[in-house]
Amino acid sequence: MELTHINAQGRAKMVDVSDKKETLREAVASGNVYMKRETLQRIKEGAIKKGDVLSVAQVAGIMASKETSDIIPMCHPIMISGCDINFNLNFDENRVEIRATVKNTGQTGVEMEALMAVTVAGLTIYDMCKAIDREMIVSDIMLMKKSGGKSGLFERKE
Amino acid sequence: MELTHINAQGRAKMVDVSDKKETLREAVASGNVYMKRETLQRIKEGAIKKGDVLSVAQVAGIMASKETSDIIPMCHPIMISGCDINFNLNFDENRVEIRATVKNTGQTGVEMEALMAVTVAGLTIYDMCKAIDREMIVSDIMLMKKSGGKSGLFERKE
Amino acid sequence: MELTHINAQGRAKMVDVSDKKETLREAVASGNVYMKRETLQRIKEGAIKKGDVLSVAQVAGIMASKETSDIIPMCHPIMISGCDINFNLNFDENRVEIRATVKNTGQTGVEMEALMAVTVAGLTIYDMCKAIDREMIVSDIMLMKKSGGKSGLFERKE
Amino acid sequence: MELTHINAQGRAKMVDVSDKKETLREAVASGNVYMKRETLQRIKEGAIKKGDVLSVAQVAGIMASKETSDIIPMCHPIMISGCDINFNLNFDENRVEIRATVKNTGQTGVEMEALMAVTVAGLTIYDMCKAIDREMIVSDIMLMKKSGGKSGLFERKE
Amino acid sequence: MELTHINAQGRAKMVDVSDKKETLREAVASGNVYMKRETLQRIKEGAIKKGDVLSVAQVAGIMASKETSDIIPMCHPIMISGCDINFNLNFDENRVEIRATVKNTGQTGVEMEALMAVTVAGLTIYDMCKAIDREMIVSDIMLMKKSGGKSGLFERKE
Amino acid sequence: MELTHINAQGRAKMVDVSDKKETLREAVASGNVYMKRETLQRIKEGAIKKGDVLSVAQVAGIMASKETSDIIPMCHPIMISGCDINFNLNFDENRVEIRATVKNTGQTGVEMEALMAVTVAGLTIYDMCKAIDREMIVSDIMLMKKSGGKSGLFERKE
């Protein structure tokens, strides 16, 4: 199998998807932000107020998802038709679990958009809590599921 | 200690740094992209050609670092005065190790800029190799070092 | 009727429009910039020269219209297929009247794009004249008309 | 007094502020979004949940404030050092009142940044509620106060 | 023939393409960067290493191509479906020759996107070599070929 | 002399300018757009109306100048303190001559910003006239003058 992003001169190109069919596509990505138990507790408490850390992370992730092709050099511009992010505060593992779902109808899929949503949501959590916890770690960013398009269904074994 | 990003109405604000002194600041962040051994091998071989995966990831990471305040909602706009990214292909752990260093002279530091550089470099590696390996994981994104500013030196124990 | 931008966790999401049909859509928005009579007079005179205030406002409004989904968090990316802005200098009310028309063919409409065009045109007028009139007011920004899509024709009674 | 944005050829230019001193500057702007009483009530109820309409509007306004010079053609790039937005639900006038405060230290002030924060917060409220109220009006966007810089203190009589 | 970008008030508008058919379109543009022979030699030598000047120019050109409608005021937003750039080091003329090919399926073509790719690639070469050669000239930026759409095939006689 | 944009791994980096002094800097760049005599004539006539081709090119060039560091990968973010563009319609050579002057106070200069202003102004002229002349050529983009900073005064012999 070929690294499709490399052109005849050995340099990067944006892959030509002109011949691909427009289909409904969906991608799900996930990731975790590990932190001190106390930080997680603070986020939970903040979550009771309006305008909490997770609300800002949610908005940041969705906005970044729309701008994926401005940030990842060889990504095609895509008009995503829906984006949602969910958070789970896991006190057993002392982490915020992030899961993003992105949809589009187009010639190429939205896995980078889902990964971008998770990542920027994670970095935003870091940014908003860094005054109390500089050692947070954004981790485990991975594709969980991808459907639509020629390559068909991908589902990660959890 | 307070979550400084929250205003009197309980909503997010951009922290006022007007009173902080302009000092030289530096931040170092790191992260890993785990992948199949074969994928790592392919990146290594590609690295021999001009325009390889890591060159594109390098450019993407540096450009994203400059746009951090457009992506992370409560980040202050910052004029970074230098940015570099280094990669290490670790065949023992089957991962690309990424380390970014960012500098600025200003009222607030560049840790988010360094984390952004690492993250986007990692996602770009994913994007360029995803045709041959959908199970790559971008992980372990963390601050390694931070100097300058009121809070002083932070160094992570590795 | 539901606030469709809110997800199951009570946070904002980008509404899923995957199932909506692509139709031709058009939106018209309007707004006013109130100012001193003298300022309005100056704009009028400037309008005789090439490169007047309204030309810059026109360009700004059209460019902002294209970037609406980068600015309004839950807006879908849209490829607008046409945008025009008209200005009327109303000396009875001492205001510049702005009206923008935006078209697209897609799964969701362009009312935010039309409102953004009007708003940014108005703010640009403010910016270019503020040296002589700091008390200008950008006001009355509203949707006048909207056609295409499931919700059908909306027309504001003037 | 001259329209300072016009060059010798009668076209727009970005005013040269090289000779101006760096001072601490602050600007306050305000605006209103008029709506049906029922819509206002819904926002209020939503405000009890995490991730309400006003939280998203807050994030949108702050982010837009940072990008003002990308949107308003003749605005200088500015590194704002703080930004906050407050909302008041006024049931007597059936409107959301928005007030933004922006600070910077620089050669030119932040009144456009404050106006942009108010405006985009207002448009975001419109966007998130438009499914239940298409007749909302974003209005009364004006500068309330401006301090710092050569032109000195400006305060609007309320 | 009319200057289609001018509206009834004599100001610029974004041309309405709502009625145009979606067709496969392609555009090829070219340009040259003239420089000292020594600079060209240095680029060639750098090209042997990973991450050379031309790799960065390639990434910059492709990314700018995607953002054409954010930069050129009356350009329609376009979802390009492929972009590639080729370089030729011409030691007879002491220049780098740049050629970009862009494709899309849409209501309007990609000639501006191809010209943007060439131009930004050229400026990036300038930027990366300017420490050793301030007299480089970016020149001869022109459309070579354009196919698809109502106006049919355009081919420049070389 | 070294290609300062290359790091120890042979990849691009953003040069560290932390140690450079903040000085007042200015750069002047120029370029030409060659076209049919008829096209030049049309631009001249349009120039009499408000909202002509050159006004739009002026706004586009100034806005692009501000966004140079978002477009050219290794450029430092810069807060330009002034930008102006002048046009000359040269009927002897059938070209529009463009000249941009950019100023800033900072650790690094604005030559890329001046070149970007000229280039985007040129491409905008192309875009707005392409319906009547596809063979226009944007050419001769070069630095004319540069002052301030360690490397001192550069002036091109015309």
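Just so it is clear, A, B, C, D, E and F label the chains in written order, and each chain counts residues from 1 on its own.
Going forward, a residue touches a chain if its C-beta (ideal position, glycine included) is under 8 Å from a C-beta of that chain, and two chains touch if they have at least 3 such contacts.
For clarity, every value in this text was computed on a predicted model and none was experimentally measured.
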(message) Show me the overlap between the contact partners of chain C and those of chain E.
(response) A, F
(request) Count the C-beta pairs in contact for B-D and for E-F, then report the pair with the higher count. (result) E-F
(request) Work out which of E-F, A-B or C-E repeats the contact pattern of A-C, with more than half of the residue-numbered contact pairs in common. (result) C-E
(request) Return the distance between the CA-based centres of chain A and chain E, expressed in whole Å. (result) 31
(message) Please tell me the distance, in whole Å, between the geometric centres of chain C and chain F computed from their C-alpha atoms.
(response) 30
(message) Centroid from C-alpha atoms only, then distance chain C to chain D, rounded to Å. What do you get?
(response) 16
(message) Give me the residue numbers in chain C that touch at least two other chains, ranges are fine.
(response) 7, 9, 11-12, 49-52, 54-56, 58-60, 63, 67, 73-74, 78-79
(message) So with touch defined the way it is at the top, what topology do the chains form here? Options are line, ring, star, complete, other.
(response) other
(request) Could you please write down every pair of chains that are in touch? (result) A-B, A-C, A-D, A-E, B-D, B-E, B-F, C-D, C-E, C-F, D-F, E-F
(request) Please name which positions on chain C make contact with chain D in the complex. (result) 1-7, 9-12, 31, 42, 46, 49-53, 55-56, 59-60, 63-64, 67, 71-75, 111-112, 115-116, 119-120, 122-124, 126-132, 134-143, 146, 154, 156
(request) Could you please specify the touching residues of chain F with respect to chain C in the complex? (result) 47-52, 54-56, 58-60, 63
(message) If we count contacts the way the header does, which residues on chain C are in touch with chain A in the complex?
(response) 7-9, 11-18, 69-70, 73-74, 76-79, 106-107
(request) Spell out the residues on chain E that touch chain A in their complex, using ranges where they run on. (result) 24, 54-55, 58-59, 62-63, 66-67, 78-87, 103-105
